[in-house]
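Order of writing sets the chain letters: A, B, C, D and E. Residues in each chain are counted from 1.
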Amino acid sequence: MMVELLLIVAFGGSLLTYVLGKLSSRLRNGFALLNALALVIMIGMLYGQEFERSLPFGFLGIQFSIRMNMLSWFFAATILGIGLLAVLYSFRYMKGKERLDYYYFTLLFINASMLGTVVAGDLLSFFIFWEMMSWSTYLLISLRGGGKAIFAGIKYIIMSLVGSLAMLVAIVSLYTAFGTVDIGELAVHMQSASLGLALLVVILFSITFVIINALWPFHTWLPDAHAEAVSPFSAILSAVLVRKGLYGLFLLMYVILGFSFLDRLAVGAISFSNVLAWIGAITIVFAAFRALLQNDSKRILAWSTVGQGGYMVLGVSVATSMGMAGGTFHILNHCIYIALLFFVAGAIEHRTGGIRDLDSLGGLIKKMPVAFVGGLVGIFGLIGLPLTNGFVSKWLIYKSLILEGRPFLAFAAFLGTWGTILYGYKFIHNIFLGQLPDELRDVKRVPFTMAVPIMVLVVLVFLFGVLPGIPLSVVNQVGTYMGFEPLDLNVWGIPSESGTLNVVNLLAAIAVAGFLVWLLFKTLGRSTRVDQSDNYAAGAAIPRGRYGFTREFYAPLYRIVSPYVKDFPDALFLWIADRTKALGGMTRKIYSGYVGSYVMYIVLFLAALVFVQLTWSPW
Amino acid sequence: MDDTLRQRLDSTFDSLRIVEKGTNNTSIAVGRNAVMSVLSFLKQSGYDHLHAISCVDWIDKGALELVWVLSRYMRPGEQYDPKHAENLLLRTMIPRDPARMVSSIPLFEVAEPYEREIHELFGVDFEGHPRLIPLFLERSYDTPPFRKDFDTRQYVEDFFESIPSIVEDGGEGE
Amino acid sequence: MDRNQLIKWLEAPAKMGHKYSLHAVYFCTGCGIIEVPPSITARWDAERFGVLPTASPRQANLFLITGYVSVKTLKAIIRTYEQMPEPKYTVGFGSCPINGGMYWDSYNTIKHLDKYIPIDGWIAGCMPRPEAIFVAVTHLWTLIDKDMADGYKRYRKYYSQYRANQEKVLLGLEWPPLFPIEAG
Amino acid sequence: MVSPVLLIAVPLGLAFAMPLIALISRRLPRFVPLVACAFNLIVAIRLIPTVLSAPVIQRIGGFSPPFCINLFAGPVGVMFAGLIALAGLVIAIYALSYIRTGPTVRYHMLYMLLLVGATGVVLTGDVFNLFVFFEVLCISSYALVAYFGDRNGLEAAAKYLIQGAVGSALLLMGIGLLYGLFGTLNMADIASRIGSVSDISVFVPLALIVSGLGVEAAIFPLNAWLPDAHSSAPSSISAILSGIAIEVGLYAVVRMIFTVFGATSIFMFLLFLGVLTVLMGELCAFAQTNIKRMLAYSSIGQIGLIVFAFAMASTISLAGGLFQLLTHTLSKALLFLAAGYMIHRSGSMEISSLNGMGRRMPLTSLAFSFGAFSIVGLPPFIGFPSKFLIVRSALEKQQTLFTLLLGFVLLGTLVEGAYFFRVVQAIYFKKSGDEPASRSLAPALPLISMLILAVLIIFVGIYPQPVADALSTAASDLLDRAAYIGSVLR
Amino acid sequence: MRIVWLFLSPLIALVAGVLLLGLSRKIMARIHWRYGPPLLQPVIDIIRLFSQRSASHGILFDLGIVVSLAGSLIITLFLPFGNIAPLSGSGGMLVILYMMLIGPLGIALSGGESGNPNASIGISRNLMLAIGYEVPLLMVLLAVMTRYGTISIVEIVRVQQASTWSIASWPLVVSGLAYLLVMPAMLGFRPFEVVQAPQEISSGPMVEYGGSYLALVSIQHALSLYITISLFVNLMLGGSGNIVIFLFKMLVVFVLFLFVNAVFPRFRIEQAVRYLWRWPTLIGLIGLVLVALVGR
């Protein structure tokens, strides 16, 4: 009964928020927060339960059903957790902007529909929630209005429409083949499915999930959508919504088809997991180097989301229990630190009056220490430094890649990490370090309601980094649900034989070494605090406000790399778009407006009919 | 300096004295207010490179002499040939105390730093000069330093000696 | 490394450290700088004495002013001196920083550099040879030993006078005073 | 049980009584269409349960079937009549406040005649009677297109008239040939005798009738009149035209092919024609900047989709086709009505002039976006079940040809999604440059009609089950010729 | 016993690193026909630096240095040193690779905080050079790891002890060559000394480091010298059983690259990255392909 209640509260909540918004904004904010909190508590109570129940009402003869297991619980928890933080964050961020009722309604509606996709027991309800998610996201991406937001919105909705049409055809062909859309029954039927049908279903489903997960050829909508969406929503968009594609892949690969079946699909070396792995690898490298060339704080994070998506797919496609655990755990980690980074970018944009261009920011560590701590920890998580959660999941992915003997994939992953280091440092350096420009002198600190989500996520990054056992036990249960034997792990790490990961030694070593060096520094060194203007400039006094190096931070690398990282899928899609527009223009010529030709069409049509009948008489 | 140029100079300008000292060392002395017209005339006839403007302080004559050093690299109609470089000095006398002169920037852009230097060191005020701000010196002096009547030793005596050396023992022990 | 060297090291490591590792900021002004390259390359090799050229004043403790000091250069010298970390020693190289040298009567050069920044050692001569640098360095060792090379202490103690002189010559500096100046 | 003939008789009577009512008071005739449609709707709803079990045959003129004109009130016919009545009612409410200038009495009379013609075509069982009602329908729509009397209104009506006349001529020739061949005009009678004659002599009348009716049903080569007619007619008229007139024409084509001729071999041709119409409609609409022309071209696209569904000739596909027809009627009517008032407010038909309409007319733009989302086929709206049924029927054929053609059709819906979302974005997210965004709602009456349509769209979208069952019985009725002939000639 | 080594190996690393530094200055001087400073000059420098009072630009300015030195210290625990490897059990090569990242990142953060454009230019050059040499280095490391089928470095050393050095074994000699070409860049020696180019950007990130900061950074520099070379020795030259031979091998490798350092001019950063992505990467790729073909 709890899951239905969950859905009702989620959808009902969003509608009620809109209505309450008409009354008073404080009431609406309070209710939105309460709603999100209630959902989180409910999903907490559902932990560990595993059941599948059909719902009373159906749709055109197909019965809907609800399904709760570890996999959907894992995704539902991430959705609702980040949803709660985003709602809390957007109170202050969206204050003073217009159309707030609309914003809160769509935000909660998207959360609810994502929850629906995750909890759906049969493919038709999965599809319905999926469609509702995509058109409400479209409405929220273009919330800010203005040319670029609209372009991003249209681009998103068309690509997600292509995806959902492909999925519709796949679901219906499954329904026609087996007469049922229930995931459980399909898993049984699929073993006996004909190869042709299985291939068609796999290809169509993976098109949808690759588009939403923004993997390499179909990633082009993500950077625009992120750069134009409001920060709380781009946090949800990149942390959770994009990962619905992965939930779909898990559903397809492990629950419905089962991995043994997928190998049968392979012809020679080109198996499904191989292709997916290589797409992931290309995504990692391409996105890492594209992110280097960006100059807008949100676009860098958008490209990093595209890149990190490649890691998860890499981990999942290796399909050993360790790779699987690595991929799943990376989903959780990525959703934590990318939401953190978007909250930080949003806070900066909020406080500096909408400046996102990295060249005109700098030295904000003095003014916004909380944002700096959040940004630094986020970038550390993104890079995967030891003691952060990113390290553990990347360690699992790398280890499984190397032990599976796939060095080139591991190479792409490592290269991606180094690319992340470069653009991660550029993000921190251009915003927080360096000289504080004059116009940013009176920037105020991060407001409290925006600082709380940042701090919560910072604690989470370190907690999961230092005690990986806790999240890994959940990831283990997800792995067992999907048919992998669980990793043997203790709270501190993975004590397996082929190279253990023991985070406690790491933590102890870093703590002791750090303390010793700090002691050495404190006793021996005596230093006086100096203002930023007292700086070495070959004997001259430094020019006010112009003494920094942020423009084209990696200029030599740009010159070497930029010819190879042109975004040609993007150019390809834009070319297709305006070719159809031209084609539309041409076809309109048929309706030339001259009635004589219209009548000629009718007579010609008749003559053709009769002529064809006379000569070949096909009818 | 070829003869044709000499005749044309004599014909166009009246109060003009041309002195030839050896090869390639001719100087033209001209009245104060005819300088600009002679300069433009010379520029048209090929002397388009202004090397420098310098200033000589004839304190006994009570006058400052400004010297424009021009040079020409090709006779009209000929090809450019550095070996045919011909130099020319244009001199003029201006009174010392209201030392004022028309700026030659409209003709020669390059004259700007030279005029600033002469203004700073000789105190000649150039009308029409866009930025007559100090070029080298940190401090400002009542009589411009390069003038002969500026007694540098006296100045050093008054100013630098006046700066007290650091009184060591005045303070208490370390 | 005979016995008493060892004892000295144990008693006053800081002083010994300073003696045998003088990282110098060569302030290339006037004609003195031409003497510095031979002193650090093969023929004279200053590194034997631990003297090494550094890129920025923050990393140095020896300040070598190698030539005449014009009014404009004084501003840069003061800025660099103030940016050096605390136990720092300055050596005036050549006669010009001592008393103006051959530019004694020029209106634009600084005559007695020690009126503006404290100088610990002088090397006489109108362009002393590289060996003179090493004489100065060894002489500086003895000064450090006897705690007489206390230029930086004098600067801190009489900073108000130094600052007054500096402002008198340079008509206003673009950076705040290094140490707080008490009233008057 | 009330007899179906009332469905035609009462509105006809009222239509002709309109001038008399006009004499009584100037403002009364506006309410007559309202009353008529309401009456029709009630009668249709009363008839549906009885008809679902067995069709009602109504003899007119006392003779036994082969010789008299009989009405065949099967489930399809009655449902169509109900749909026509419903759409007519809603648009009549809309027209109350929309049509103020010009000869309003004549407008309402023609409007009534159009509805009567449509109901007649749907219910008749006699070929010639079909032609008569078809003519009534066409002529009243020619006249109504030219109602505003402006330049392009007249020009569009003239073009529509010429093409309609050619179409009707072909139709008449076809019926004449049929009469010459079989000596009877009763559909069931012809259907029973169709096998006894050689193929080619049957094919010619079939070709003539199909292309004749096809002109009105806006199938690809024959629909050149539609973009001009719909865009220059008053909005309420273009709503009723693309909502009712095209569907009725399509019903006639389908009725002729399925029951009267039973020409199953022509379906492949219809299939390709449907796909072609979809692509033509969607591509032309994609390049449009005028809102009403765009909606007109999108109607062509939707009609192509319905033809594609009918051409697959299985019960599910017919049910899907009928469901899509219902979706199109409701949502396209809603779109035209909403667009009507937006153009009324912003002064020009260009899409760019609709920028920022979301603030100025919030409810109308909300209705417009509901219509847009349901036409594209997004879940909570009525378009989704119909698209689902069509996709299911196409895939049930298990043939690669059908999957390929389905792919093209879905591409068409994708393009349709593109240009509809572009308009929705223009309405909500683009700032309107000129005057400040003063909120002025559309007057009450049009809002009510739009509200009814919107509620219907969402309700059927969420709970499509009863409508789907009714439509599947209607589809099976359309399909089996024997039952039709049996029930009529018994 | 392991606890003793836990504290001893960083000290040994420190001493070895500082000695290497002192030796490098001596050998460079000898190459320049100069007498050169005493061997313990770096120690003297560090003592002098610690006694100096310096200027700090904020908490991150101090913390960054502390983190980078702590990071380098920790790596020495993971790297086997002769037959001693106190913490090598908990993580293997991947942890080492990531911990090697903490040193430069710490200095980058504190350098950035100093607000000096020279420092920022130095840091961006450092990161670009890093991604330059990481491409071939990763290929080499992956070749080694796939060749020996393990990610624990102790395992790799043990296998090399049993059979031949990996630089001598067939498929890895190509990777060894690539590793040799990349070593000057990792050590920051002359052909690739773009990061601390004193003449161009006045010693890059270290422009604002005063007394104790410069001391800590030079200690960290010595440690990273030690780490890079001991990693090379462990992976390629079979990291011997006892400490003396291990140190000797390190000395040989170090002197080899010192000679290269003494005579080469300095690359521009763009030339350096183009070179690193051309020849060493090509050789590394061939090595990796060979290892993949030869099979585990």
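Just so we're on the same page, contacts are C-beta pairs under 8 Å (C-beta built on N, C-alpha and C of every residue); 3 or more make two chains touch, one makes a residue touch a chain.
This is a predicted model, so every value here is computed, not measured.
Listing every chain that touches subunit A and subunit C alike gives E.
Following the contact convention of this document, A is the list of chains adjacent to both subunit C and subunit D.
Averaging Cα atoms per chain gives one point for each, and the point farthest from that of subunit E is the centre of D. The greater number of contacting C-beta pairs, out of the two interfaces C-E and A-E, is seen for A-E. Among the other chains, D has the CA centre that is most remote from the centre of subunit C.
As a whole-number value, the distance joining the C-alpha centres of subunit A and subunit E reads 36 Å. One finds 44 Å separating the Cα centroids of subunit A and subunit D.
Mean C-alpha position of subunit B lies 96 Å from that of subunit D.
The geometric centre of subunit D is 79 Å away from that of subunit E, both derived from CA atoms.
Shared interface positions of subunit C, i.e. residues touching 2 or more other chains, are given as 56, 58, 75, 83.
Of all residues in subunit B, none touches two or more other chains. Annotation for subunit E: residues 50, 53-55, 118, 202, 207-208, 210-211 touch two or more other chains.
Looking at which chains touch one another, you get A-C, A-D, A-E, B-C, C-E. Taken together, the subunit A residues at the contact with subunit E in this complex read 363, 365-366, 372, 376, 383-386, 391, 395, 398-399, 402-403, 405, 407-408, 410-411, 414-415, 418-419, 421-422, 425, 428-429, 433-435, 493, 498-506, 509-510, 513-514, 516-518, 520-521, 524-530, 532, 534-536, 538, 547-550, 553-554, 556-557, 559-560. Considering their complex, residues 25, 29, 32-38, 41, 44-45, 47-55, 118, 198-199, 202-203, 206-211, 214 of subunit E touch subunit C.
The part of subunit C that touches subunit E in the complex is made up of residues 13-14, 16-18, 20-21, 23, 41-42, 45, 47-48, 50, 53-56, 58-59, 61, 83, 85-87. The touching residues of subunit D, counted against subunit A in their complex, run 158-159, 162-163, 166-167, 170, 199-200, 203-204, 207-208, 210-211, 214-215, 221-222, 224-225, 227-228, 263, 265-266, 269, 280, 283-288, 373, 376, 378-380, 384-385, 387-389, 391-392, 395-396, 398, 403, 406-407, 410, 413-415, 417-418, 421-422, 425, 428-431, 463-465, 468.
Of all residues in subunit A, only 533-534, 536, 538-541 touch subunit C in the complex they form.
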